[in-house]
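Below, subunit A partners subunit B and then partners subunit C, in two separate complexes.
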Partner chain A sequence: MLQATLTNERAEHKRATANRIKKIIAVALGAVIALSFFFPYIRFVFKDSVYALSGLQLATVRGMRVAGPQMSGLVTIPLLTRIAVIAGVALALLGIVLLLLRKPVLAGTAYILAGITPLIVLITTSNIQTAVTSLNISEISVQYLWPFLGTLFLGIISAVLCLWTQGTERLAESIFKVASCVSVGSVVVITIYILVTGAPAIAQIGLGEFLFGREWAASSEKFGILALILSSIAGTAGAILLGVPIGILTAVFLSETARPGVAKLVRPAVELLAGIPSVIYGFFGMLVIVPAIRTFPPFQGNTTGDSLLAAILILAIMVLPTIVNVSETALHAVPISYREASLALGATPTTTIFKVTIPAAKSGILAGVILGVGRAIGETMAVIMVAGNVPNMPSLLGPVRFLTTGIAMEMSYSSGLHRQALFAIGLVLFVFIMIVNISFTYISKKGVQMDAE
Partner chain B sequence: MEMGKSKITIEDLNLYYGDFHALKGVSIEIPEHKVTAFIGPSGCGKSTCLKTLNRMNDLVDGCKITGKVLLDGEDIYDPRTDVTMLRRRAGMVFQKPNPFPMSVYDNIAYGPRVHGIKSKQRLDEIVERSLRSAALWDEVKDRLKKSALGLSGGQQQRLCIARALAVEPDVILMDEPTSALDPVSTLKIEDLMDDLRSQYTVIIVTHNMQQAARIADNTAFFLLGEIVEYSDTRTMFNQPKDERTERYITGRFG
Partner chain C sequence: MPSKSLYCKHKHVSDSVLKTLIYLAAAVTVVVLVGILGYILVNGVPYITWKFISTPYSEMNPDLKGILPMIINTLYIVVITLLISAPIGISSAIYLTQYAKQGRLVRAIRFTTEVLSGIPSIIFGLFGYTVFCVLFRLQVSILAGCLTMTICILPTIIRTTEESLIAVPSSFKEGALALGAGKLRVILGIVLPCAMPGVLTAVILAVGRIVGESAALLFTSGIGYHMPKDFFRQILTSGRTLTLHLYQTAREASTPDAMNIAFATAAVLLILVFLLNCLTRLVTKVLQKQ
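Coming up: the complex of A and B.
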């Protein structure tokens, strides 16, 4: 008994020492972060001028004077960059203070936040590149120096040390929490980024002109994306119109009528469809669907084959696995007792499927359809390869350009307002996807229950 | 034994689930306009026997049947039998209430609609008549368009009975219809069965011997896939002929 108490005390003592060391290291690392504020943080290399700015300078200077070929201008430092740099140091100092006040959990949080600030700097400084492009300077590179990496890594290490003093369980919990924050954080960061990069072009072009302008001609500064929006909608709607009946009936086959052996073969085949890279679909479209449309007797001579129809057909195949999988799950979730009740009333199996099973699974099936819409509207590569990519108003046999393909086609060579307009298309696409996903969440919450009339 | 005219005759029925011999040479005559109860311990074959009467066993993989089941003298296992027609004539109520996730009205109208009745007026009549027969009309007449899933368990089960009545069957098969219900709902369903006997032939599978004693005219005792004893209920419970029956009904079984 005595022996046990002694050992415990010794372990306790050991732990206390270890914790003290961890805290000291964490304080020291915090100090390093704070000091790095005064050392060069980012280096901007313009054509013939180089600026290496420390955190302090990033926070205080008005901007960088840069001479372009025709004009020179002041490249301002984005406000968010300034805030992020100051926040990095402030949070590191806060971490030190909190540690000294014996609040290791709060200190750890402060350190993590400090460690995130370089990432915000990273995102926001990319805006400088856009600003510089508008001065017609093409050569710019941004280099991040050691205080940047230091804040990132030392912040995270200090945070781990702080939380570790609370025991490994607490540390593990925190790591789970951070992992989830990374996922959620990515969404938030991407959303903000798209808003920030897309909004200026919309402001400059005018929302009405941008969304409802019928002409997209980068060379003459005409940025109307109505044709792209309508093509995307038409393509998606067509794919859903074709894909949904086939998908639902496949799901019915798999879940209701197929013998187990057959279902075991068909199900992986459908799942394989989901795994095929979209460029392969594009190939198939180019080599099979497009020529087939071109030479299909009623269409012959009216179309080159690169058309909205080709895009619809390829997208209809691509949405199948999503619709089949989600619908099958929904059908499986319908209680056997519903089917029994229907059959016992003298309904045939087919009547049972269409009058009871499918209606009972309808919200699940609808969720599958919405996910399919998401897939179709976001698809880029396969569409580029079959749709012809001319920004026309959509017509079934004519070439069309989707929102996605509009971005992908021109991003590599665009600059200035043109480039920003592409970001703005991204924003529009993002809004579409958000609507799709929100409706998915809303519908799937309702579960398999069917409403009464 | 209160016999009267025989509605269903089972002759030497054997049923196999794969290798398992679930019913062994079952023969029984079930009289018209009576309540017949099947009792026995779990796994004795009473539910299986009930399901052979509307061929719900067809849905089970690997189920094989020999022997004859006659409904009004016609063999229901004859290859020419229309299963849909059979199930119309032999309605079924299940152990757990299983209303469709639809409105009360649509639940009742489902069967008639499936069988081709489209007229709104006729459907209205059928719905009202069926709900009245199931003693549910007064409770649901103001909420016919609301979801049936919002009803209480007992109401749901009476709805299921009404739904079965709506296709105008001759026979009603009930598979432990009150085992998922509270005593008050159970009593209501038992009263209902009492009323049903005037128009329908009712066969009920039950675990509850008091229930069989209260409502059944005749009772069959199943054990290990065989009918041990079949007689009118009073005789069965007062003077069982077989020792096994006596042990079961006095709770000294096993």
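Coming up: the complex of A and C.
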């Protein structure tokens, strides 16, 4: 009995010592973060000379006078940079204080935020770069990477140490929780970014002009994407019209009529079809489907082969595996008793499939179709290789440009309003995809509810 | 139910027609696959030589038309992306299955994972370009491509890992808990090892996605083709993967020779995808045996 108490006490003592050590290290690291702002940590490389600025200077200096042969000017340091630098020091100090006040969770948060502030400095100093470049004197480059990474890691390590003082279990839970917030964070950031980068062009061009303008000509600053929108819709609709019947019937084959041995061969084939990179589909389309359309007797002379039809055929192949997989799962989920009841009433197996099994699985099949729509509307590389990429109004045998390929075609050499217009196309595409996504979620939820009934 | 009887009058005709349609559809699916595979492999495999795989690439020099730099770039992107994405994805699956109570956060995570898996890769490319290349000043570089791909494959890893974690029988966990093990120890010592084949499947699927990706990498990791000199310099410069190499060579090809390079690259890609597919199958089989 006595011995047991003694061991307990010893363990308790050990834990207390360990906690003290963790605390001391966390405080020390916090101090390093705070102090690092007083050492040079951002370097402006300007012509041949290097200016190393500390955080303190960055926060207090008014700006840099830059003089060139023709022009000179004062390059001010953005307000946000100053705020971020000061916040970095303040948050690190706050972390130390909170830790000493025995509030480890809050202290950890403060440390993480302190670690992130250099990121804001990094982003906002790009203003300095543009300002200097616009003075047309010389290139300026900002060297920053290592101090930034250092601060970030110090912040994370000290935050981990803070939380660790509460026990390993709590620390682990916090780490898992933070990791799972990454996907939430990415979606939020992506949405914000697509909105922020896409909106200015739409505002400048005008929403009606942009969405319903019939002409896209970057050289004469005409940015109307009606042709792109209609081509995307036509391509997707065509692919779905072709792909859905084949896909559903293949799913029926796999789940209802095929002998197990045959299904065992076809199923991996469908899976492999899903795994083939889209560039290979495009390559195949470019070399087989496009020449086939060009030389197909009824079309001969009317088309070069690079056409909406080629895009539709390739997209129909690409949406097949999605539709087959989802529909097969839905068909499998139909209770066997439904089929038995139908057969017992004297219906033939085929009638049972079309009148009982497929209707019972229809919400699942619809979900598959919507997923296919999403895949077709977002596909870029395969389409770019077969569709001809001329921003025409859609016609079956003429070259067309989709929303996705519109972005990919011109991204590398665009600038100014043109580039912003491409981001705006991204925004339109994003809205389309969100509509598809949300209807998918809605329908699959409805399917689950029906199953529950 | 419609009022008319299920027992149709025209049963014989429609029955056989519908049955033929079903078989026809399945045949179309198989023929399309066999056609694509056959076409690429027959035209590409003869040009895959050791020299093709082991020499660098140059646009000017006709002797240097190998794909070694692209293989190395693809490896860089696969490894770095997995190093970032796998820990985040697996931790997040652990949180969702072992810790989280049904609530707003869990719903938000589920919804956003679904949204992420639906976003087309060209949007990821645009986002990666504006954020990682421009805003974070990584320029068009392999590292920027990796960070973009990290977000791309997160849903794949989270969802597949989650499924395998759910499949671990709760009696295993309860047994360990009853023996006095802490929750973290149960997760790391019992649940995760039991779900290992599933986690492995998730990683292989992610590798497949990265190897096949092109649109998201076009603007982020770019189309550079130089041999890497040292690791850190290389990940900060532009480098094309195998898919982008195929895209570039196929678009620029004007001579039959150039077309053969594209064919051989496509064949290498297909073989890679096929091997990854087989690997997934193997791991799933192991999982089912357990």
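The working rule: the second predicted complex is superposed on the first by the 341 of 453 C-alpha atoms of A that agree within 3 Å, B and C clash if a C-alpha of one lies under 4 Å from a C-alpha of the other, contacts with A are read in each partner's own complex, and residues count from 1 in each chain.
Here is the rule we go by: contacts are C-beta pairs under 8 Å (C-beta built on N, C-alpha and C of every residue); 3 or more make two chains touch, one makes a residue touch a chain.
Please read all numbers here as calculations on a predicted model, not as lab measurements.
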Problem - Which superposed partner A:Gly378 touches (first subunit B, second subunit C, both, neither) - result: second
Practice task
Determine, under the contact definition given at the top, whether A:Leu273 touches first (subunit B), second (subunit C), both, or neither.
Solution key: second
Practice task
State whether A:Leu195 touches subunit B only (first), subunit C only (second), both chains, or neither.
Solution key: neither
Exercise for the section: Return first, second, both or neither, reflecting whether A:Ala360 touches subunit B, subunit C, both chains, or no partner chain. Expected result: first
Exercise for the section: State whether A:Val390 touches subunit B only (first), subunit C only (second), both chains, or neither. Expected result: neither
Handout entry: Chain touching more of subunit A, residue-wise (subunit B, subunit C)
Key = C
Exercise for the section: For A:Glu340, select first, second, both or neither according to whether it touches subunit B, subunit C, the two together, or no partner. Expected result: first
Exercise for the section: For A:Met411, decide between first (touching subunit B), second (touching subunit C), both and neither. Expected result: second
Practice task
Could you say whether A:Thr351 touches subunit B, subunit C, both of them, or neither, answering first, second, both or neither?
Solution key: both
Handout entry: Contact residues common to both interfaces of subunit A (with subunit B and with subunit C)
Key = 342, 345-348, 351, 355-356
Problem - Residues on subunit B engaged by subunit A in the complex (per definition of touch) - result: 54, 56, 59, 84-88, 91-92, 94, 96, 98-104, 106, 110-111, 114-115, 145-149, 160, 163-164, 167
Handout entry: Partner subunit B, residues of subunit A touching it in the complex
Key = 335, 337-338, 340-348, 351, 355-356, 359-360, 449-453
Completion exercise
The answer for subunit C against subunit A in the complex is residues 6-8, 11, 14-15, 18-19, 21-26, 28-30, 32-37, 39-40, 87-89, 91-92, 94-96, 98-100, 105, 108-109, 111-116, 118-127, 129-131, 135-137, 151, 154-155, 158, 182-184, 187, 208, 211-215, 218-219, 243-244, 246-247, 250-251, 262, 266, 269-270, 273-274, 276-277, 281
Handout entry: Touching residues on subunit A, where the partner in the complex is subunit C
Key = 119, 122-123, 126, 142, 144, 168-169, 172-173, 175-177, 179-184, 186-190, 193-194, 197, 245-250, 252-254, 257-258, 266, 268-273, 275-284, 286-288, 317, 320, 324, 342, 345-348, 350-356, 371, 374, 377-381, 385, 404, 407-408, 411-412, 422-423, 426, 429-430, 433-434, 436-437, 440-441
